[in-house]
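What follows is a set of notes on a single structure, which appears directly below.
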Amino acid sequence: MRFLKGLLIPFVVLAIWYTGSKSGIWNSFILPSPVQTFETGQYLITSGILLKHVLISLYRVFAGFALAFLLAFPLGIILGMKRQLIDYFELIIEFVRHVPPLATVPMLILWFGIGEISKLVVIVLASFFPIFLNTLDGVLRCDEHLLEVGESFGFAARDRFKYIIFPATFPYILMGMRLGLGYSWRALIGAEIIAATAGIGYMILDAELLSRPDIMIVGILTIGILGTLIDFVFFRITNVFVIWKEGEKTQNGWG
Amino acid sequence: MRFLKGLLIPFVVLAIWYTGSKSGIWNSFILPSPVQTFETGQYLITSGILLKHVLISLYRVFAGFALAFLLAFPLGIILGMKRQLIDYFELIIEFVRHVPPLATVPMLILWFGIGEISKLVVIVLASFFPIFLNTLDGVLRCDEHLLEVGESFGFAARDRFKYIIFPATFPYILMGMRLGLGYSWRALIGAEIIAATAGIGYMILDAELLSRPDIMIVGILTIGILGTLIDFVFFRITNVFVIWKEGEKTQNGWG
Amino acid sequence: QKSSKTSDNNPATDKSSKLSAINITYVKSPLNVPSIVEKQKGIVEKEFAKEGLQINYPEITSGAKQTEALAAGSVDICNAVGGTSCILAASNGVDLKIISMYSRAPKAFMIITKSPNIKTIADLKGKKVAGPKGTVLHQMLLTALVKNNIKPEDVEHVAMEQPAAVAALINGSVDAVLAAGGSAEQAIKAGGRVLINGEGLVDGASVVAVSGKFLKEHPDFVKRFKQVHLASLQFIKDNPEEAYKMGAEQLGITVDEVKRMYSWYDFDPTIKPSDIQELKNTQDFLINTKMQTKTINIEDLIAEVK
Amino acid sequence: MAGVRITGLSKRYVIGKEAFFALEKMNLFIEDGSFTAIVGKSGCGKTTLLRLLCGLEEKTSGDIKFINRGSESNGSDEMRIGIMFQEPRLMPWLTIRENIAFSLFPKQKEIKKDADRHLQTLGLELFKDAYPWQISGGMAQRTALGRALYYDPDIILMDEPFGALDYFTRKKLQNEMVSLFLNQKKTFVFVTHDIEEAVYLSEKVIVLEAGRIVQELPVELPYPRKTNSPEFLNITEGIYKAIIA
Amino acid sequence: MAGVRITGLSKRYVIGKEAFFALEKMNLFIEDGSFTAIVGKSGCGKTTLLRLLCGLEEKTSGDIKFINRGSESNGSDEMRIGIMFQEPRLMPWLTIRENIAFSLFPKQKEIKKDADRHLQTLGLELFKDAYPWQISGGMAQRTALGRALYYDPDIILMDEPFGALDYFTRKKLQNEMVSLFLNQKKTFVFVTHDIEEAVYLSEKVIVLEAGRIVQELPVELPYPRKTNSPEFLNITEGIYKAIIA
């Protein structure tokens, strides 16, 4: 039922798309009809082409995201727990946070070559900051009252982290991770601009080059649907952790 | 003092850059020496070229960000307060959240032309989600105990928002806004790919095309420094609002 | 005055009087001096000032994006777009007409290597070559390989944009790059060596294209635009130093460099039979490499407004 | 001024897999302008009852009817019900004075003098500009009390309002409460642990046990009451016995 | 087991632009294995003193020395100080049972039987798997008490541990406290509002007023004490007078 409600808007969009294409309101070259897109999609799926691209991109998204998480999460925790360190990192992190990763592609190639590393770096650059900033924010905003409980029991830093900060900050970390994973998907195009020969981002770029908007749209739909699905799975898993939060609050997808 | 600490890492980076360039460790065609970059920067500044680009990009960043905020903030609040609506929007928002804005450029051109609107849409697409999701998250996580106080006093929805949800959610909104503004800067390249004739993103793209890495680096530095500065100003202003939060918590930049 | 007359008589060109703004793509690199001169001197503006026509120069460099914008109606004239992009777009249903040639410059397109072991095309066997896919450069590579009896599969073509490709060459990630104009200069300055250029392989043609609809509705405008373009070429001929200087400024290189490279370019707008043949070759290349699926009639693509 | 008629009220909660009734088939009539005290062991359902009364909790079954100027209604549209929670629940971003005036923020442009009067009565005038994290537990509780009073409700529900207060402050505020009751004739529902306090303040003491009313004891002594009078001690004794039984 | 020697202890707070002393030049000796009660009006500095004792607050001046097996030290390295806060401060993500065992999470792989014993004593066994938002105010306070006890500290600081409890539960837990004290001879520092409770439990009652000790009253009655004995009432009376003065 919840799912059906969610399909309402996509359905309306599809209907508009269909009628618009049928009546030729918009240019069929740039926005091909749903029928044509569907046929192309069918072809790409049955021929296994889409799967090949998807698998490679999935790998990149997850590897890049995992890397970003491995960097951002500890850094967020450490800076949150040792606040005097923040001063040292603040400027440089703020700087990098604002720089468009696309602008750094030539430098990435110079330093990391044209292999997987450069591509992963682009994804890391995209997903690092939501994870890092939300984690740090969560730690900084962790309820002082609960932290004092740990302090009064003489908890060492790592125990304060493990038993108080982590569970208390978990919802923030989660939000950061969800945002970060979303940005990993979004960074696919930027990443696969770098000498890729496969991947959904490459497929879209290549389709643009070859003036195949139908393939582009299949690519966009694939990323959107796949990303949403994975986020849902991710959320279902994490939902389990958050049962303690006042019941109703975890009912909805963005909880 | 705090500021000096922050300069430590940038200074080390600069030193590495300088010695590396001097000893020719890396290729000066892709990473020109700091001296050359500095000279180029000087030229771009004194000739007024940089300023022209900066002003246009500033306008785009702020207009795009403002637009994103005007969409994301109310939507986050409304969905947070009327949770039954979430079901309708969840799927479509999740979908869009994962789609790389770069992939949609042809469609943006189809619908919005090659003028400012398309460029702003790219920026909106980039900064909408952190604002929206953090706001929504804040509202959903708003302390039930405090909300009950408003309920017990018969507050109407708008008063509950104005007097409880907004102040309580403010730190979240802030985090979303800061992330969102950061992504606005990052989206400049993507935005100014669309038939721009000025702007820092254009300057970088153009420099890449003309093989002028020194200009590219000046552009990157400009975005990074400007973005950081504006974030600081933004933060200083907002800091004023958050005095109530247990003292030390607002001391540091990412608080 | 002539144009206003036709528009009075011909209902098809009725809208030409209503034209208020024209969008002409502005592509300055690799060395499009005519475009630079046209824009800098405001030659087109002057011609259409009487009608109060506003001329915009959106900078869309990528061929694919130019044809997209043309299809979307955001751009009226693609001034300097690669033949490949036009053929691909047209074969996928974009209503597009080539109204004249923009340039031919076989010498401007090069394969550059840093490796001392690569001395001839034959040495590319088993190597990595980076460069933009589906372009003249790509066509040049494949033509050269075929000419040297190397199977295209034996060379790994890494698809990337030119600046990125040059970075990859410098970094040693690839053995050779396909480059033109500034990127080629960059590669050479960074220690690269020209293995071959496009001479005898490809013409490296870029063309001027408009949408079929636009052509039908404003044939007059198109005609006059072509004349203006000829005037710009004449201007360059008459004032070469001034033109080179403008080019150098806009491209961020020295006047000498402009001068040297300018000699590689043939900006004659006339569509010659050889140009048509070249476009056909290009289509063959696209079909052979499976980038294009539907063959089109090249002659239909050409609409010379005399 | 308003009364409440509670009939067959039940509230069921689920913890883990087990369900139980926090309130079970409760019948109670709270008279217009009366002072009712509710006592009972920790966990017997006192807070649950108050929450149901002011509509913060959905009832499982039964009926709550409000009687306002003679007519009964389900909602509380025409009258104000104010609750003072068991925890202070202050807004951390507001000063003490602002917290006290909070309930009428939507209706008043400026904080009325009332706020200062309450600050005075509650002994908080020196701390009126402090933020919640700067005051002591008892002060926070007094602030919460001030907030409930400032709202000036027809029915005022209080959940252990003096639990965190020392003997003297408590005594003083008890007397304030009595004079407020005598002067304004509001309807008071007052949860407390202190049986002496219940008898000192209320006209009727309700003894709850495991979600049921086990005793309703009217206290027919004139105000101000003397805690060491034999009648007083008698009633107190009776309640102790009722709870133990 | 450990004692504390406090000399010239002051704590200064700033609210807005005004500074004041929450504690001022306090001298106090808390004997090893003694039971000290602290009473005083709301806001007099009781909580501040406890927070200073367990190192959660920086002192402005003065000295706190811990005496452990005869030797004095500044830190509390070798001994455990446990505090029960004025608010429950339970971890919302843990069940009641887990909250009780929380203090030793870093040291124990499994929750010991002790936790169940405390659940039993505190009357929480039925709610051991509930989460904090599912229990009543008094239950939360008992959980916090259980947590402090499970930690098994040498010095146990309690900030109004029974404030939210009804008379009977309170009585029961007071007696538990006495038997704990008699059996284990820990050092107890116990803040309360209830003067009777202070006299019932402690060996010494400290009366605080505005950050200063105004009275130190030894209670030399044998345990268990009778609250209606003349000596008991006598001492209680004395304290009331000390506070009023």
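We just call them A, B, C, D and E in the order they show up, numbering each chain from 1.
Here is the rule we go by: contacts are C-beta pairs under 8 Å (C-beta built on N, C-alpha and C of every residue); 3 or more make two chains touch, one makes a residue touch a chain.
All values reported here derive from a predicted model rather than from experimental measurement.
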| item | value |
| --- | --- |
| Path length in steps (a step moves to a chain that is touched) from chain A to chain C | 1 |
| Between chain C and chain E, the fewest steps along chains that touch one another | 2 |
| Shared interface partners, meaning chains that touch chain A and chain D | B, E |
| Interface sides of chain A and chain B: same vs different residues, half threshold | same |
| Which of B-D and B-C has more C-beta contact pairs | B-C |
| Euclidean distance of C-alpha centroids - chain D vs chain E, Å | 28 |
| Centre-of-Cα separation between chain E and chain A, whole angstrom | 49 |
| Approximate Å spacing (C-alpha centroids) for the pair chain A, chain B | 16 |
| Multi-partner residues of chain C (at least 2 other chains) | 65, 68, 71-72, 163, 167, 170-171 |
| Chain A: positions in contact with at least two other chains | 27, 30, 106-107, 109-111, 208, 213, 245-246 |
| Per-residue multi-chain contacts in chain D, two or more chains | 87 |
| Every chain pair meeting the contact rule | A-B, A-C, A-E, B-C, B-D, D-E |
| Residues of chain B defined as touching chain C within the complex | 27, 29-30, 105-106, 109-110, 113-114, 193-197, 202, 206, 208-212, 215 |
| List of chain E residues in touch with chain A within their complex | 54-56, 80-83, 85, 87, 89, 91-94, 102-103, 105-106, 131, 133, 151 |
| Residues of chain C defined as touching chain B within the complex | 23, 26, 29, 57-61, 65, 68-69, 71-72, 74-75, 163, 166-167, 170-171, 182-183, 185-186, 189-190, 251-253 |
| Residue ranges of chain E in contact with chain D within the complex | 13, 15-16, 39-43, 46-47, 86-87, 123, 127, 129-130, 134-139, 142, 159-160, 163-170, 193-195, 240, 243-244 |
| Residue ranges of chain B in contact with chain D within the complex | 145-146, 148-149, 151-156, 159, 162-164, 167-168, 170, 244-246 |
